[in-house]
Structures are given as structure tokens and as C-alpha cells.
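There are two complexes below, and they share chain A, which is joined by chain B in the first and by chain C in the second.
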Partner chain A sequence: MAVSARTRKSARLQRLEAAINYPIDWLEERSGLVGGLRYFLFRKVPGDSNWFHTLGSATLTAFLVQATTGVILAMYYKPEPKTAYASIQHITNDVTLGWLVRGMHKWGASVFIILLFFHMARVFLFGAYKYPRELNWIVGVLLLVMGMAEGFTGYLLPWDQTSYWATVVGINLNGTVPFLGPYIAQFLRGGAEIGPDTLARFYSIHMLLIPGAIFALIGLHLYLVVRLGVSSPPWSKEAAGADWVEEQVTTNGRSGLTQPAARSSWRRNGGDAE
Partner chain B sequence: MSAIDERRSQFKKYKEDVKDRGKPFYPYAMFHDTVMSLVVVGVIVGLASVWFYTSGENPDTCGGKDSCLLGPRYSEPADPGTTNFVPRPDWYFYFLFYLLRIFKWPDSVILGTVGIPTILLIIAFALPFLDIRSERRLSRRPVAVVAAILVVISMGELTYKGAVAKEALASEVVAAVPQWAQREGFANDPKAVAGANVFAEGGCTSCHTYLGTGGGNLGAPDLSAEGSKGKGVQGLESYVADPSKFGNTVMPKFGAFASIPAKDAQGKDLGISQLRVLAIFLDASKGPK
Partner chain C sequence: MGEWKIVHFFLDPNQGDVTRRTAYIRYNGPLNGAPSFTIISNRCAHLGCPVQPNGPSFPDQTKSIDTGGGQHVTLIKMLPAGGFGCPCHGGQYDQEGNRTAGPPVRSLDRYEYSIRNGHLILGKTFSVAKVKGSGKDAIIYRYRLAGPGQHITGWEQIFYPLQPPQ
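After this line comes the complex of A and B, so read on.
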């Protein structure tokens, strides 16, 4: 009896499994996405990766918070000098949980920038910008510039005194660039004065142009991370691909120095090293 | 073996090492990432809550009823007419903001606005090509470590100074007006005194200094002796109305003052615009007697 119950159950389980697997297999057969996800999840990372390596994904999380809260804000925000300030007040004081959405967007921006710098610092300290990851560093610097540009364009949107006068000065400073300055300032203002056109322009740049670029750059950034792998901490005794791990073994004791250490970095000119 | 070959073989070894000794991203690294991401979201929600619950609906409740630990919800609505407001960017631009105090207009201010930021950016982009050794250990990268420490200290210092930079409050500046009138000798000219008040309230001192009061921001010159440069009331008026016509693209335009009637200390209409009295005040500023 017990046996038959178990077999009946397992038959049901099998059917359930098949029901779950069917759409997955369907998707995999037509797109290969499932295999891609599996590759992403089960790829190996160096055994000594640590908390420092979480700064990149923390930055990503902060960006996703900005994207999500930004979309919600855009549903209530009215990018016109006459209405912008009132709509910001309305969001903060009246809309259900509007204060939370606006507060998260406002403070998330600072957290995002701080995490960008922390992540960059860890990449720098780990020497992780070196071959073959140069390109990913450059993509990263672009992301940093984009992040700061988001801060500059978003600052104007509440259309209060703080944002207005900071932007007046910010645009004027852009105007001091040799030769191009006046054109940059003119472009940013969308005219001779800061007004409705400036606000519309900043809003468009802030919610469409730069976020689009950031999404694309993050895609490229993560592609390169998965393709090239992340660097072990340089102080690790078991750092992946590190010649100093061997060095430590071979240079332990005097005789070590004279032993041929195949990959040691000071022997790069030794013609017969390999 | 050439340098690039060596780096290639090193990377090959890296890939092999990770394959042999690495751990799968899921669940190990993913666990750390998830914990960290939750912390990030928690911090953001925490900041938003403190900001909201310590501030009030009115922009000016701060300091009174509300502590505004993290600042007000918003400041007063934007008003291109009054500049009684200290232009201040978000904190991550403070270092640039402060750089502009170090360089003096007009000779070197461009170093602060364009020069140094551009150089920093070029170095950031070029870093992987400037530092091409494969060495990653900090103890063997003395130049990189020293450079990093210098960058962190100077950015931190500039950000800090930008944050605490003393801004003259309009009320303090207004209180200094009688003393200005005394020292500059225009106390008997009600138009010049009215102009001095517009100057004090209009936010000019967030950039300019006048007899020691004011910001000294963005390379704006001291105006205590502006009247001795021979520009005349007319010249000063058109300058302040639209400085960009005179090659000054940093200072905002104050043309809006032309349509606001000026009043004297008793509130009597002087029959001319605020822009005019401002120019009269500047013209009367021949330097302290």
C-alpha cells in the first residue's frame, strides 16, 4: 500500500516536473536563454573572491532603485516651470508613499555615486584594470561620467531656488570651455535664458538619454565581467593566475632565486624561460 | 618572452586556476551580492525616511519646528528675479565648486572649470595604458598607492571645504550696509544706499566680496572699488543686466531687476529701478575712505 502511494505520488511529481520543465524547454529550444542564464549562474569565480567584489553589484542595485523610483516619479512629475515645483510638493506631501519614492530617488542618487567611487577604488586597489580588462575600466569611467551627468540634470527638476541657481552657475561654468563653451551653454539652456525649454531638455536627458546609455554600458560592462572573470585579491595566497604564488614557493630560501621560475615577472627577458 | 606574451600566458593561467579551484557564482558570490544589495536598499530607505520625517511641508520650517537632519524637502520655488540664494551644487560636485575658489578670475579660473577636471578625466581613461605592468600587489605598486592616497586626500579635502565654505547670509550682509555706506562715504545718497541693499539682498555676495563680506566664489572679484574703474552708471547697469555681453559667462543675468521699482529705507518709491540703484551704488563705491 505504502509503495503504491509513493509511486502514485512520484507519478504526480513527474507530471508536475514535466509541467514545469515544458515552458523552460520551450524557451530554451527557441532562444537559448536558459542555457545562458545557467552559464551566468554556474560559471566559476575565483575561490578567494570576497566582499569587495560585491561593490559592483551593489552599484547595479542602486542604479536599479533609481530606474524604478524614477519611472514612478515620472508618472506624477510635470516638467513645466509653472507646474514642476507644485508637482514635486504634491508627490512629497500627498501621493501615497510618494515621499518614499521621491526620498529613495533623491538619496539613492548619492548612494549610487558613492558606490561608483567605492567600486572604482576597489578595482584600482586590486589592479583589476590591467590586461585584459582595460576596456572594462574605460566603460566604467564612462559610467561614472554618465552617473555624474544624471546628478547634474536631475538637480534642476524640482525647480526650486537650490536647483535653479545651481544650474544657472553650472551652465555658466560649462560656458567657460574654450571655443565650444558658448555652444555647450546654449545647447544646455535650449535658448538664451534658463526657462521651459531648459527644463524640458534636462528632463529628457535625465530620464531618457543618459539612463538608456547607462543601461547599454552596464550591459557591455557585465558582458566583459562574465567573459574575462573578476580578479582575485592581490594579497591572496591562492590568487588565480598570480605568478607570485609560485614565486613565494620558489624564492623561499636562498636557492630559490637561482631556480628557473617559469612565469616569474622579473624574468620576462630570459629568452629560455618558457 | 615579450611582455604581452607573458600577460597572455598569465591570463591563461588565471582561467585555468578559476576552472580548477574556483567556486560557482551561484550560490557563493550571489549570496554575498544579495546581502550587500539588501543593505544598499535598506540604507536608501533609511535615508529617505530620516529626511522625510525630520522635515516639514514648508520649505522654511528647518531650524524651527523641524530639525531637517538631512535638509529640507525643497527650497523656495525658483525665482529668476531674486538671487538671494547661494548657488550650491549637490555634494559630489563640491570639489569642483571649491576648486573655483582657489583659482582667480580671469587668468586662471579656466584651470578650475575646465583644465583640472579634463586632466583628471584623461588620466582616468588612460590609466590602463599608463600603468602597463602586470604587477597587482600593492606593496610593489608604490606610485599607484601614493597617487591613490593623494587623490583621495585632495578630493576629500576639497569636498569638505566646499561643504563648510562660509556663505554670507543675506541678513548678515544687509546688517553690514550702514557700515559700508559710512566707510565708502555714500551715506548721504539714498539711491546708493538703496542700491547697497539690493546688492546685499540680491545674492551678489554669494559670489562677490564687498569690504570683506561675501563669498569670493567662482572667481568673482571684490567690488569695493568698482566705481573707480570709470565704467559709469550706464556701463555698470548694462553690465549687470547681461554680463555675458561683456564676456562674463559665469555671472547670471540680472536684467529682471530693471522692472522692479526701487524703494528707500523708509519704503518711499525712488522712481527708478532696482537695476539703476544697483549701478549707482557700484559707481559710488570708490573704495574705503
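After this line comes the complex of A and C, so read on.
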């Protein structure tokens, strides 16, 4: 009895499985996204990777927190000189958990920048910026610049005395750049004087232009991480450098899935490891 | 004569507080039959923070004037015995706006002015390299308006050959 019950249940399970698999298969057949996700999640990483390797993910998480809390803040913020400060007070004092969301965005900005620098220090000290990952270092530097620009443009938005005068100084600092400075300052102000247009401009740059660029650059950053593989720490017993390519040939490598690309680029560079 | 006022006004009254500006004005007595004024912009020549008088002001001796069109002018008596100083990075200026210490690259900007129907009318701002002498006898080395921190004299001026149209 028990056996037949089990087989009945198993048949139901099979139907359930088919019902779950059908949309997944449908998606996979038309997009290959499921296989792509599986490739991303189950790719090989060095066996001796450690907690320092999580700093990049931590930075990404901090950015996603900024993006999420920023969207919520944008629902209540009014980028007008007469209303900006009042709307911030409204968020902090009246909106449900507004103080928390604003606090997360404000302090999260510093967390994001700090984690970014820790991640950068890890990559530098591990020598992970070296061939073939130089391009990813450059993309990372662009992300750092974008993060700084987010900090600069976001600082004006509370529209209190500190943020106003800090931005006056920041814009005039840009104005002292040789030759182009006066024009850069003019662009940032949106005119000859700081006014309503400046606030709207900073808001637009802060929440549309730069976040879009950061999302795109993070996509490129992650693509390169997956393509080139995660690097071992410098104390790794597994060989690096030229042997790293050889290891990939034996499919025993830490990032075997990227083997063809790494091999061909090595050949193009006239590598003598083979 | 020789008395200083802190003067608040609006560049564009329609846009409200964000266009509020401050000038430091001193009456210098008559010059060639017309009253002469020293009108200094409070925008620091380092990076644009608002310079403050180094001396007491007297808020109890405040005069407010509505000049129409939403324009509201406030005059406060003050005594900038030590000139002017900037709270941001410590730039210091004497009473003529000449830099005496700190990071500013030139003197404080000044306002053009005219007198119409017995009223003092402020005009455009211009930049000042230095001021020799004082009061109505001052010789003002005047240049077109440049942004804070931008050199208008000396070899560094080659870095700022062009200013965008205002």
C-alpha cells in the first residue's frame, strides 16, 4: 500500500515538476537566460579565494541599497529652491519610515565609497589588476569617478546652508581648472549664478545620468569578471601567470570556462608559455 | 561719512531667497560733485564663500526698504575694523578688499553703481586685481568679472583666457 501510495505521489510530483519546468524551459528555449544564469552561478572560482574577494559584491550591494532608497526618496523629494528643504523635512519627520530610508541613503553613500576603496585596495594588493584584467581596473576607476560625482551632486539636494556653500565651493573649484574651468562651472551652475536650474540639474545628474552610467559600467565590470575569472590571492600555492594559462588548457584551471578567450589573447600577445 | 552698511538684496526678486546677495557699502563723501561709494561684493575671491566683516555689526540699527517689484533691501550698520574674513578657508581682506592673508588670488569683487533721483543703484559686478589708496581717492585696478579662484593678473592669467557669456 505504502509503495503504491509513494508511486502515486511520485506521479503527482512529476506533474508538478513538469508544471514548474515548463515556463523555465520556455524561457530557456527562447533566451538561453537560464543556462546563462547557471553558467554565472556555477562557474569555477579559485579554491583559495577568501573573504577579501567579497568586497566587490559588498560594494555592489551598497550600490543597490542606494538605488532602492534613492527611488523611494525621489517619490517625495521636490527639487525646487522653495520646496527642497521642506520636502526633506517632510521625508524625515512625516513619511512612514522616511527617516530610515533617508538615513540609509545618506550613510549608505559613505558606506558605498568606503567599500569601493577597500575593494580597490584588495585588487591592488592582490595584484589582481594585472594582465589580463587591466581593462577591468580601468572600468573600476571610472566607477570610482562616477561614485564621487554621485557624492558631489547628491550633497546639494538637502538644500541647507552646508550643502549650498559646499556646492558653491565645489563648483568654483571646478571653475579654476585651466582654460575650460569657467565653462565647466557655467555648465554645473546652469547659468551665471546658482539658482533653481542648478538644483534641478544636480538632481537630474544625480538620479538619472550617473546611476545609468554606473549600472552600465557595473554590467561591463561583472561581464569582465566572469569572462576572465576570479584571480587567486598572491599567496596561492596554485601557479599564476603563464602557468595560469597552461592550467586552463588542462581544464583544471580556476576559470576553465573562459579558457578560449584567455588562450587566444595570450597567443596574440606573443606568449611563449605553450 | 566712512560708515559701513551690510546690504542684503535680491538679484531677481521673483526667484526669491536663492538670489539674495550681500554687498558691503561705505559712503566716501562727495567726489567731483557726486557722492562716492565703496561697494564690495561679499563673494570671496578664493572659492566664493560669503566673507564676513571682521568687527561688530549692529542689528538694532537695521533699516528695511521695499523698493517695489518684490525687491526688499536691508541695511545693517557695521564696523569692519579688521577688514573682512572668509569662514571657509580663512582668506583675509582689508577694508578696500585687498587680500592680506590666506588663499584668495585677488581682491574682492566690486559693484558698479549709479545715482538716480537720489537713490543708489547697484550695477554689474567686476573683478579687482588690487586697490591702491583708500576711500574716494582709491585707484581700482578693474577687470571683467572672473570666477572665484581665477587669476586676472600675473602669469597665471594665461590659464583663464576666456569667460563664457553671462
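The definition used in the following text is that the second predicted complex is superposed on the first by the 237 of 274 C-alpha atoms of A that agree within 3 Å, B and C clash if a C-alpha of one lies under 4 Å from a C-alpha of the other, contacts with A are read in each partner's own complex, and residues count from 1 in each chain.
Just so we're on the same page, a contact is a pair of C-beta atoms (placed from the backbone, for glycine too) under 8 Å apart; a residue touches a chain by one contact, two chains touch by 3 or more.
Computed from a predicted model, the values in this text were never measured in an experiment.
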#### Entry: Simultaneous placement of chain C and chain B on chain A, clash or fit
clash
### Partner chain(s) touched by A:Ser236 [first = chain B, second = chain C, both, neither]
neither
### Task
Applying the touch criterion given at the start, work out whether A:Thr68 contacts chain B, chain C, both or neither, answering first, second, both or neither.
neither
### Query
First (chain B), second (chain C), both or neither: which does A:Tyr183 touch?
second
### Summary
In this superposition, the partner of chain A with more touched residues, chain B or chain C, is B
### Task
May I ask you to decide whether A:Pro196 touches chain B, chain C, both, or neither, giving the answer as first, second, both or neither?
second
### Message
Taking the superposition on A as described, I'd like to know which of chain B and chain C A:Tyr131 touches: first, second, both or neither.
### Response
first
### Query
Can A:Asn172 be said to touch chain B (first), chain C (second), both, or neither?
both
### Task
Give one of first, second, both or neither to describe whether A:Ile113 is in contact with chain B, with chain C, with both, or with none.
first
### Query
First (chain B), second (chain C), both or neither: which does A:Ala58 touch?
first
## Note on the structure
On chain A, the footprints of chain B and chain C overlap at residues 81, 165, 168-169, 172-173, 175-176, 178, 181-182, 185, 193-194
### Query
Contact residues on chain A for chain C in the complex?
81-82, 165, 168-169, 171-173, 175-176, 178-179, 181-183, 185-186, 192-196
#### Entry: Parts of chain B lying in touch with chain A, wherever the complex brings them together
1-4, 6-7, 9-19, 21-26, 28-30, 32-33, 35-37, 39-41, 43-45, 47-49, 51-52, 57, 59, 70, 73-80, 83, 85-93, 100, 109-110, 113-114, 121, 124-125, 127-129, 131-138, 141, 144, 148, 152, 203, 218, 244, 249-253
### Task
Mind listing the chain C positions that touch chain A in their complex?
11-12, 15-19, 47-50, 88, 146-150, 159-164, 166
#### Entry: Residues of chain A touching chain B in the complex
40-47, 49-51, 53-55, 57-58, 60-62, 65, 81, 85, 88-89, 92-93, 99-100, 102-104, 106-111, 113, 115, 121, 124-134, 137-138, 141, 144-145, 148, 151-152, 155, 158-166, 168-170, 172-173, 175-178, 181-182, 185, 193-194, 229, 231, 234-235, 238, 240-244, 263, 265, 268, 270-271, 273-274
